[in-house]
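Note that chain A is present in both complexes that follow, paired respectively with chain B and with chain C.
Take a look at the complex of A and B:
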């Protein structure tokens, strides 16, 4: 654990002490080396359970894929921001990279925590850098309201969680995940227990986000700079899914009946947010709603609490993290050239950027779950798990995949095909950096399906 | 067709005017940043509100035709590109991918599969059922007698 955490913390001296011309280069390289070393987590020393270096930090098959994804994302965020931040004064550039690196530090500690309270603290700590990134480096004045939404939705959800956790600590005497998974199922029956059950999950459901409490997400995504959108889509939403998987273990006897409305809402959300995507005019908003739709499926898979549900949820979280981040990067490349997120103002880009149209095409196909990719694997496993629970869910999940395909094609057609608008003249060619960025998103997705068992979670 | 051509031409003219303006702006900012201070052109994108409605930009390809999108300085740009490619593709993807591919067989599942296939072939050749009805020898299982209860 520390072999990753200490180099990550050492990013801060790198950022502030390297010569101003080489800041971006050195931080990219150091974060890439951290990402490479982080792969060693996947090499399991223990056959079952946790591999922990000490009492407070440890990895298990559930957190490992998310930890590796966190480490992989930092170099990608740095590469993606390089073009639009480099016009600012050097101190502010260093500040920006510092925020990204601190986000990675908090996330590693959140996913690596074995104590639920420490997970909670780190879960909350990620709010601060994300909020600063959104409200300081967003593009329009609306970013302030987006920041307010982001902060207060998350806080309102997570304060009940703190109370619920303290109550749990009082009842069981420990909040260590190493111990608590072996504790006796609690006899939960009263109304207070039911409120406690909801308190344990609401924070994560808001973070996922569940349909109904998702309104902060499109705002935050649309207003955030590209690195903010990337980290939100890739890791921060998954923090909700991860927390839910951890908590579901303890809520067992009560969950069987309590999850009905939540599953219904999640699956209904898949349909509704998918339909909202079909009538979006804003590029980033469409991708944000598509994230909500996919995360609805993940929430369904987790709440169903079967081995297949958990596995599918984790696979879909990893695959969706990489693919939606790729889509946000592509949206940003268009934005940096046309200075508009409105899709109708930037049509027919295939004519001028043919190679980028290939990236758009591949990312969209991955987003709609094209057969060999892990996105399909995740969706199918979740849909099967839900179908096994109740055949009627197939109507919702099936329609959901259909709508996903529809809006992915809509996104591709709107941005790449059609006539080139007459005001589009003199766009900058694509940079090598942007092609590299896309490769670094899509190649791992393709490689992961050759060894998907590393992201099967507890059933690895 | 003619109208399209004239539009392209006017666009090109505008681009050349912009780049002529901006080349000066870039060189100014470079000299001042060499002195260690952030100049105004660093803080604000160069404003050419009159001829481009505030959307004028420095075209880095004017200054450095081999621009890779990393840095305005061609030397740093090229080395940043080389290092980023080496450490991401050659190191992380290739070495990391090889590492993951050759990870030890977790939980001996691949071994179990191979062993099962070998046993199936063996037992079919011997004409035995694939798995015996009594997987454990019943004589070795000690059950409590029913009268104990």
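Take a look at the complex of A and C:
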């Protein structure tokens, strides 16, 4: 664990001490090396389920894929923000990379934590860097209200979680993930216990986000700079899913009856947010709503609490993380050239950027879960698990996949196909950096399907 | 003010508090409080500004009323029980009266009304003394009193304070008033846990003093008392401006910062006492306070250049304030959370 964490912390001296000419190169290089070293976690040889553990941290099959994804994302974020941050004074550039690196440090500690309170603190600790990324480096004045929404939705959910965790701690005497699943099952029946159940999950459902408490997410995505959007879509939403998977183990007897309204809301959200995507005019907002729609499926998979549901949720989380991040990067490349997120102003880009159109095509296909990509695997496993739980869910999930296909197609046709608008006369050509960024997003997606066991979680 | 006078005033200020700390007799405790009040009055009124004089008068009236009530209630107690000792307070009317009088002294809701206008009339240095040192003596008495007083009274005081402290600050544009409301909210956290674990009260008091001192010193360095002028402070001290935003979030109690530690330990204690509902209300009240801290952060750090600003650029005078205390306090404001196990050991 420390062999990743310490180099990550050593990013701070790298950022502040390297000469200004080399800041971006050295930080990208160092974070990429960290990402490569972190791949060694995948090489799984533990019989107890936990590995690389020390007193406070460890990895298990559930957290490993998310940890590797976290490490993988930092170099990509640095690559993606290079262009629009380069114009700032050097101290601000360093500040920005420092925020990204601190976010990575907190996230590694969050996914690596073996104690639930430690996870909680790191979960909350990610708020401050993300808030600063959104509100300091966003583009418009609305970013402040987006930051407020982000902070207060999350905190209103997660502060009751702290009280709920402290109550759990009082009942079981320990909150260590290593042993808590072996503790006595609690007799939960009273109304107070039901409220406690809700308190344990609401924080994560807000973070996911569940349909109904998702309003902060499109705002945050639209206003955040590209790195903020990337990390939100890829990792921060997955903190919610990860936390839910950890908590569900402890909520067992109550969950059977309590989850119905939540599952209904999650699956209904898949349809609703998908339909919202169909009539979006704003590029980033569309991708953000598509995230909500996918995460609704993830929430459904987790809440029915079957091994298949969990596996599907984890696979979909990883795949969606990479693909939505790729889409946000592509949206940003358009934004940096046309300075607008409105889709109608940047149509027909295939004519001038054919290779980028390929990236758009591949990312959209991955987003609509084309076989054989891991997105399909995740969705299929979740849909199967939900179908087994109740055949009627197929109406919602089936319609959901159809709508996903429809809006992905809409996104592609709208941005790439058709005639070029008259006002687009002088666009900067694509950098090699941007193509590299897309390769680094899409290559893992393609490679993961050749060995999906590494993101199957506990059950393979 | 002449250095001789200020020495006498400051040493009386210290003496009054020390006297209250050490006393076991109500009369002596009352004397300490009075010396303390009388010593700060000239400090408050030293700039003969109408606002300062008004603040001094208001403060004097509130403190004198509180001190008179303490004297009255302890006399009743001595009359019925024949005992002046602080630990022997047993008459219920006397305990409730004294608790309310001490609440008035520190500025707990619902007897907090003097506090925001008084803070608004002071210089930032005197305001710092008011928000930190002046809380110590009454809290020493409250901690000693807590076992004898009615538990519901303390809980009500605590809950009211956190909510009113959060609510009141939402509508303010003046920094000193915002800090006064933040002080009320923190006092609520202190008082709620006094009856269960007084060591935690001390811990909150210490962390609050650290955080609020850092904030006051920052504002003093920037010479700013309004949100409007705060928006231009980055031009003077950019690094401190960046740190100050984090210090404000620490006051608000966001996790990786120091301010989370006392809240966490208090919530733990409250849930251990079987009061999860109170604990949840306390946590949600923190959101109210956090909103105005966040607004300050927005104005100060997160909307800096290039943007349109509505205030004129401040004078860039030579800084005469020593920065070492500010630096120390700022580091302690931001980075003490990993010391929680130590705090837990010391408070058990």
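We adopt the following convention: the second predicted complex is superposed on the first by the 457 of 460 C-alpha atoms of A that agree within 3 Å, B and C clash if a C-alpha of one lies under 4 Å from a C-alpha of the other, contacts with A are read in each partner's own complex, and residues count from 1 in each chain.
Throughout what follows, a residue touches a chain if its C-beta (ideal position, glycine included) is under 8 Å from a C-beta of that chain, and two chains touch if they have at least 3 such contacts.
Model, not experiment: these values are computed from the prediction.
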Practice task
Classify the contacts of A:446 with the two partner chains as first (chain B alone), second (chain C alone), both, or neither.
Solution key: neither
Problem - Greater residue coverage of chain A in the superposed arrangement, chain B or chain C - result: B
Exercise for the section: For A:351, decide between first (touching chain B), second (touching chain C), both and neither. Expected result: neither
Practice task
Could you tell me if A:121 is touching chain B, chain C, both of them or neither one (first, second, both, neither)?
Solution key: second
Exercise for the section: Using the superposition on chain A described above, determine whether A:162 touches chain B (first), chain C (second), both, or neither. Expected result: second
Practice task
Considering only the touch criterion stated at the top, classify A:106 as touching first (chain B), second (chain C), both, or neither.
Solution key: second
Practice task
For A:178, select first, second, both or neither according to whether it touches chain B, chain C, the two together, or no partner.
Solution key: neither
Practice task
In the overlay, answer first, second, both or neither for which of chain B and chain C A:51 touches.
Solution key: neither
Completion exercise
Overlap of chain B and chain C contacts on chain A, residues none
Practice task
Name, in rising order, each residue of chain B that touches chain A in their complex.
Solution key: 7-8, 11-12, 14-15, 38, 42-43, 45, 55, 57, 59-61, 67-73, 76, 79-81, 83-85, 87-89, 91-93, 95-97, 99-101, 103-104, 106-107
Completion exercise
Residue positions on chain A within touch of chain B in the complex are 21-22, 24-25, 28-29, 32-33, 35-36, 39-40, 42-44, 47, 72, 75, 79, 82-83, 86-91, 339, 422, 425-426, 428-429, 431-434, 436, 439-440, 443-444, 447, 450-451, 453-454, 460
Handout entry: chain A residues touching chain C - in the complex, by the definition given at the top
Key = 95, 106, 120-122, 124-125, 127-128, 132, 135-136, 144, 147-148, 151-152, 155-156, 159-160, 162-163, 166-167, 169-170, 192, 196, 199
Practice task
Write out the stretch or stretches of chain C touching chain A in their complex.
Solution key: 242, 246, 249, 254-257, 260, 264, 267-268, 271-272, 276, 279-280, 283-284, 286-287, 290-291, 294, 298, 301-304, 337
